[in-house]
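In the part that follows, the structures are each spelled out as structure tokens.
Common to both upcoming complexes is subunit A, partnered first by subunit B, then by subunit C.
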Partner chain A sequence: MEKQELINQVNEVLAEEFEVETSDIAPDAVIKETLQLDSLSLVDLVALIESTFSVKIQNSELSSIKTFADLYEFIYARIAK
Partner chain B sequence: MERRVVITGMGIYSCLGKTLDEVRESLYTGKSGIIFDPVRKEMGFRSALTAKLEEPNLKGILPRNQRVYMAEECKYAYVATKDALEYAKIDLDYLEKNTVGLLYGNDSSADAVVKSVDTMREKKDTTLCGSGAIFQSMNSTVTMNLGTLFKLRGINMTVSAACASGSHAIGLGSLLIKWGLQDMIVCGGAQEVNPFSIGSFDGISAFSTRESEPEKASRPFDRDRDGLVPGGGAATVIIEEYEHAVKRGAPILAEICGYGFSANGEHISSPNVEGPANSLKMCLQQAGMKTTDIGYINAHATSTHVGDTNEAKAIYNVFGDYKVPVTSTKGQTGHEMWMAGASEIVYTMLMMKNDFIAANLNFENPDEDSAKLFIAGKRLDRHFDTFLSNSFGFGGTNSTLIVKNL
Partner chain C sequence: MDKPLYKGEEIKKLLNQRAPILMVDTLYEVSDNGATTGLTIEADNFFNLDGQFTEPGLIEHMAQSASAFVGYNAIKSNSSAAPVGYIGEIKNFKLAGRLPKAGDKLLTTVTVQSVVMNITLFTAETKTGDTTVASCQMKLSV
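So, the complex of A and B:
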């Protein structure tokens, strides 16, 4: 999958699940703030990525994923493997 | 001076309507809320009969981060409670500044449990259950959700007492107010309406199989009844100490005069006569009333053979030859189970305020025991000021409430 295609797909599923506009999502924006995630709904982000892209984010890896760009890179690296 | 407990608001979401006006009209015209659900047949149900109810769409009303914790029955309860609070002239500002309690009847959240278990079995990864699953899966899902959504700060507890849950919730709430522990409590009952929640109930042959005539299937007290029809939704009443209600200029609709309860201490599903009769007697005694003070009985009668027979016997044992009108609204709604004790208070309040007694739908021929009662097979256009409402549940739990018009 091309990276831009992946980015578009990530943005679409996040916007749909967390009820924001795709235009609200920018690469350097902070995920928690943009999607209004608390400690509980962060679980839904992990579940969504896992069910959509078959990519599991471990708890220990979650703290390093702060922006959408971090998330794109994380998923892209796992898919590329 | 004894503290009096009054009803100052009510709301309902049921197969008879989504507003009080719709429900009143359905009661008046004798509309049935029962349908045949082909999905249940495909799932292997013995009876595919059910009440028809749409799940409220709360998208755009509540944010995702609040909706995700709400099981099906919570959505019904949210709508009913929002309406009841508005009726009682209570807004969020009031709820944040005052101590208001919450006692709600609920005894399952099966759909949420089944979905989580399916995910765990298929995916072998609990994270995929999502953040809302645990909060949707517990019996207390309704009270935990309503408590946080409406900022309630008083007693907060789910009453799980099978098909008497909603009635006990109101009764227990009335005692807390009477004893001076709370001034206002949101009370009610909720019932999920999905196949998973009642599949095992269908499995014990408790449901009517009159599938060719869904609207005639629920026939409380009728000689030819063959079982209950499951229903659901939610109903809420706001109960309040009388002087407290007067001071804030609340609409004072009726007084909860008595709460009676008992247990049968016998079979897990078959009711007896003595237990319900004791509940009726206790309620009359608590209300300080005689049988002749009661203008109408809203019976528990669910359209099962033994249940209706034994309730008819219990009513006759207590009321004797005083021919008070008796009906069961379950002919129209099916059995709303955990919700029924609360919804039937709302149904009966609507009848009392509008001077009619809804027909006991499908009561065509009495049996030996129902023949001894005055069961209204047709709507009665008459005024009454005091009613008694019965709710009985599995395990032999019984609850009775007496409510007086104000």
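So, the complex of A and C:
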């Protein structure tokens, strides 16, 4: 999968799940703020990424994923493996 | 189905709820990511209304099914008692058909979808026989 294709897909599934516009999602934006995540909805994000891309995010890895760019890189690196 | 792992009074080792709101009476199977539980709906069940088991009872049964899975793993890890868990969220509850009635036997499968920190996302599906009664997603904080 091309990286831009992945980015578009990530943005689409996040926008649908968390009811925001894809235009609200910018690479440098902070995920928790843009998607208004709390500790409960953070679980939805992790489950969504796992079910959509078959990429598991470990608890220890969550703290390094702050922006959407971080998330794209994280998923892309694991898909590319 | 094989011999139950826990049933009757033994189920109290896995759950903190007690009568009249103990809504799981059997733990049939446990795997790495889920469990199968059961409940026979007695005529005097707390959640019955006019002989039918109501939606709050189904949700309580599903939540306790998830708790039974957590309790089983805690006991297997040499914990002295089942942990106290809290329902964080229930969503996508779907009642597939008619409500169960007194005498029906519920069979519920809970499956772990994701675990983040101390919050576990489960899916739950409850059947009577081969017929799906209800399903939902829930988050349990332990």
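Keep this in mind: the second predicted complex is superposed on the first by the 81 of 81 C-alpha atoms of A that agree within 3 Å, B and C clash if a C-alpha of one lies under 4 Å from a C-alpha of the other, contacts with A are read in each partner's own complex, and residues count from 1 in each chain.
Going forward, contacts are C-beta pairs under 8 Å (C-beta built on N, C-alpha and C of every residue); 3 or more make two chains touch, one makes a residue touch a chain.
It should be emphasised that the depicted structure is a prediction, and the values quoted were computed from it without experimental measurement.
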| item | value |
| --- | --- |
| Which of subunit B and subunit C A:44 touches, first, second, both or neither | both |
| Partner chain(s) touched by A:36 [first = subunit B, second = subunit C, both, neither] | first |
| Touch count on subunit A, higher of subunit B and subunit C | B |
| Partner chain(s) touched by A:62 [first = subunit B, second = subunit C, both, neither] | second |
| Partner chain in contact with A:12 - subunit B first, subunit C second, else both or neither | neither |
| Subunit B versus subunit C as contact partner of A:24, first or second or both or neither | neither |
| Touching both subunit B and subunit C, residues of subunit A | 40, 42-44, 46-47, 50-51 |
| Partner subunit A, residues of subunit B touching it in the complex | 59, 63-65, 68, 125, 127-132 |
| Complex interface listing, subunit A residues touching subunit B | 17-19, 36, 38, 40-44, 46-47, 50-51, 56 |
| Touching residues on subunit C, where the partner in the complex is subunit A | 88-89, 113-117, 119-121, 139 |
| Residue ranges of subunit A in contact with subunit C within the complex | 39-40, 42-44, 46-47, 50-51, 59, 62 |
